[in-house]
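The two complexes that follow have chain A in common; it is paired with chain B in the first and with chain C in the second.
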Partner chain A sequence: MLKAMIRLQWKACWHIVVTLSAAALALPIVSVRTGWRGTGEHLPRFLIELQLWGLFYPAMAAVTAVVLAAAIWASDRRGHHIYALLLPIPRWRYVLLRYLAGLGLLLPVVLALWIGAVIATASLDMPPGLRQFPHSLTAKFALALLLLFGLAFAAAAASRRALGIGFRLLGLFVAVHVAVILLDPGTNLIWRVVSALATWPGPFAPLGGRWMLIDV
Partner chain B sequence: MSTAIEMKGLRYSASREFSIQDLTLKVPAGALYGFLGPNGCGKTTTIRLLLGLLRPHAGTVRLLDRALPAGLPDALARTGVVPDRPHLHRYLTVGDALDFHGAFYPGWDDKWARELLGEFRLLPRQRISKLSKGETAKLMLLLALCQMPELLVLDEPMDGLDPVVRRDVLTALLDYVSRRSATVFVSSHLVHELERFCDWVGVMDRGRLVVELPMEEFRNGNKRIRLARSASVEPSGAPFTLLAREHQAGEVETWAVRGWRPEMAGWFDQRGIAVREVTDLDLEDGFVELLRAFRAQHAGGEVPCSRQ
Partner chain C sequence: MSKLTLLACSVLGLPAIVTAQDASAWRDSAYRITAELRVVRDSIAREESGMEEIARRPGLLVSATTKYQPIAAEVLARFDSTRRRWFGEAFPAAEGFRIVLRTGDRWSTRRRGGGEHSLMIIGLPDGEAASRVSPLVRESELRGPEEATRSFLDQFGRMMMGATGAPLQRWIPTGIPLMISDAARREAAMYALVTGDGPAQRDCVTGVLAACGYVLGLRESATPDPGAKYLPLARADLLLTALDLGGPGAWDRLPDAPGASIEAHLAAAAGMPPDSLLARWRNGLLALRPDHGPLDVPTIAILLGWSGLVLIGALGIARWV
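The block that comes next holds the complex of A and B.
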């Protein structure tokens, strides 16, 4: 069944996976090649530019997760889930099959990023004092992608009712934030929550921190 | 297993305007059950309740001896379904659809599926999004048949198909049923479509089951009776069901009745009314009169009566 599901999802999303993989392959290469002007006084500027390029990695993970999660469920949504619900397996198992097959679609993107990172770092004549992180950057990207795909997949699979509840809770949180700011302008509730989530041991920690392919 | 489908006291409200009310229905195992009703009467909703796509607000459903919703996966593994509208993944080819579908059914007969492709003049490389309406209908039936189900649930499977495709679909269906003794539950709003092959019929209107009986009884029990004089006669206590009465010129009245048998003429004799003629009511007319009578009753009125 999983094999059939992987084939089904590949048929639905192969063009998206290929496009995202090409982008993932290009990202580290482009980031390194555009800023590299040899050693010496150019190095600090190169590192700053590389840090800015680092913002593209979590963005790339977010785009990959959202686009693939939406594409995976698009056909079921179009058919009002009738086909899925008529299959002789419990619903949770169908969702699990979809999720596992979806993870399979993330692999080429991660692999492409890793290859791109290795090519990018191998092509440079690295000056002393700088270190390369192609493997750890890829691992960080994979973790971020896994996390964001889980969230996007859950949102895409959720019923309208569940999504409605989620949006209402979000609206309530924003309302509380506004109320708190009116009472005490020095307190930024959203920033506090985002910081707590995005720094270790928060669940979004893989998204935060430095995304550096080359660092001191 | 003597009953393939059993619904008891089913209630479901889709909107303020439409609801399924206290639906009780029984499909004997091995029956070719025609589920008749006008458009919008609740046939598709009933089928969705039957297949666990909707949850009833009250009542119970048993499908192939499995109580729903707990036994749904097991029951669905033995049930082939053709929904009212195409539900397949449109980006797949016909061959991909067969491979995907077959992976979920233990009884899937891939050899037969490939044979049926040829009989239905479908090519494995054809993309589903490019299939015509008739080809899509044939593919959906093929998928349902090749899982080798004990029960086939077909929601208006021949709606809008041309006569050639209709014949292909019907032939494949009847061939399968005769070989496997499967039960068929097929809905339609066309009486003649079901008359040809169904041996049971259930008629639905406005979310209620009007009648459920063997097709033979439905076909033969509906009569048009011309009476010499009946203005003063009320049908209460009659051994048949009066569907409609029509005053004609002079002292003649025509009754449309259901459940008629020849010996019932005595009921009129006792009341001094001469039965001039008894003729078979056309099946479609019988269906229409049945619905008219049902609607009149539920509107709180009498049997519909017209004058000419």
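The block that comes next holds the complex of A and C.
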């Protein structure tokens, strides 16, 4: 059944996967080629540029996750889940199959990024002291993609009712935040939540670290 | 009035009038500046007299106005500990020193200040010839004990550098970077070492100590085109490494070689041959390079853990309608 699900999703999303894979292949190559000058000239500038290019890796993971998660559930939403209801399997198993098939769609993107990273670093004459991290960077991208895809997938898989409850809770939180700010201007609830999510051990903490293909 | 008379009046009379007006303007300006200076001096004196002594340590005491009294004792403890690490028992002058960090009212009419606040560390005996500074600093520099300690150390480091000979001051024109943390300074120096792209800089990374001596401004190069040298931050890091390696009394040994090269001064402070110092400095910085790439074990654990939780949540909240 998983094979059938993968085939179904591939038919619906192959053009998106190919486009994202091409972008993933190009990202490391372009990031290195635009800054590299011969045998390691202007290294500090090159590394700073590479660090800025590194911002595109989590961004790429986020775009891939959101686009693919939305595409995976698009057919179910269009058909009001009738196809799923016809299947003689419990709901959670159907969702799990969709998720695993979705992971299969992520693989070409990760593979393309790995190939791009290897190509980008293979021909460089690295000066002593600098090291290349094509495999480590790809593994980090894959794990970040796994997390972001999971979040986007959960949001896409949720019913309208669940999404409605989520949005109401969000609105309530913003209202409480405004009330707290008015009573005590020194307390910023939104900032606290964002900080908790973006710092250890929050889920987004790893997205903000260094994404260096080449580093000291 | 004839033209000749008019010309004579212009030549002889006008300069005298203009001079008289200029002199009165200068005099008024001098009176005004004097009055402003008196106000400022009185204000400083009033604030200093409003200070209370908070704590003492051997040879040191700290005083503060009300605002900074809660952090004063901790600032003194931190300052004393770090000062001893780099400079031992040395003071910038035999008669001690006085550092007053002031915040509050600025020399501006555009904003209304809330009065002036001060935090002061005194190195005893605080005699007439003691080194003294009293800068007006940003409030953020005294926000907490850590920031305040760094600000005091920065001023103290400037005083200590001012007490050294001119060659050392020329070698590190920017002073000792005590305002930033040890870790930040070492990381910046490590990046400077590893990413230097001149021929001698690359040789230094690979372990040619003569090249390290050149790029740090300690020796002349034996090669015709050695390229650029390191920034003063790397030199300051070498100085602090020498002081660290030298242990107690390292700063006192720094000027022990009169007329000698900077390299000899540093070697005297570190208590080891110059090449050993350079090798220890280089190896220490190279050891700071991250031992893993962009991905480490905690990151893997976090990403996998949260992914699992999210999947469980997705399976739970999924509904058909």
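The rule we apply is simple: the second predicted complex is superposed on the first by the 197 of 216 C-alpha atoms of A that agree within 3 Å, B and C clash if a C-alpha of one lies under 4 Å from a C-alpha of the other, contacts with A are read in each partner's own complex, and residues count from 1 in each chain.
We adopt the following convention: a contact is a pair of C-beta atoms (placed from the backbone, for glycine too) under 8 Å apart; a residue touches a chain by one contact, two chains touch by 3 or more.
Fair warning: this is a prediction, and the values are worked out from it, not measured in the lab.
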{"item": "Partner chain(s) touched by A:A26 [first = chain B, second = chain C, both, neither]", "value": "neither"}
{"item": "First (chain B), second (chain C), both or neither touched by A:G79", "value": "first"}
{"item": "Partner chain in contact with A:W211 - chain B first, chain C second, else both or neither", "value": "second"}
{"item": "Which superposed partner A:L124 touches (first chain B, second chain C, both, neither)", "value": "neither"}
{"item": "Touched partner set for A:L143, first chain B, second chain C, both or neither", "value": "second"}
{"item": "Partner chain in contact with A:K11 - chain B first, chain C second, else both or neither", "value": "first"}
{"item": "Which partner, chain B or chain C, touches more chain A residues", "value": "C"}
{"item": "Shared chain A surface residues [contacts with chain B and with chain C]", "value": "80, 85"}
{"item": "Contact footprint of chain A on chain C as seen in their complex", "value": "190-197, 202, 205-206, 286, 289-290, 292-295, 298-300, 302-304, 306-307, 310-311, 313-321"}
{"item": "For the chain B and chain A complex, residues of the former touching the latter", "value": "51-53, 73-74, 76-77, 81, 83, 86-92, 96, 99-100, 103-105"}
{"item": "Parts of chain A lying in touch with chain B, wherever the complex brings them together", "value": "1, 3-4, 7-8, 11-12, 75, 78-80, 82-83, 85-90"}
{"item": "Chain A residues touching chain C - in the complex, by the definition given at the top", "value": "40-44, 47, 80-81, 84-85, 91-92, 95-96, 99, 127-131, 133, 135-137, 139-140, 143-144, 146-147, 150-151, 153-154, 157-162, 200-201, 203, 205-206, 209-212, 215-216"}
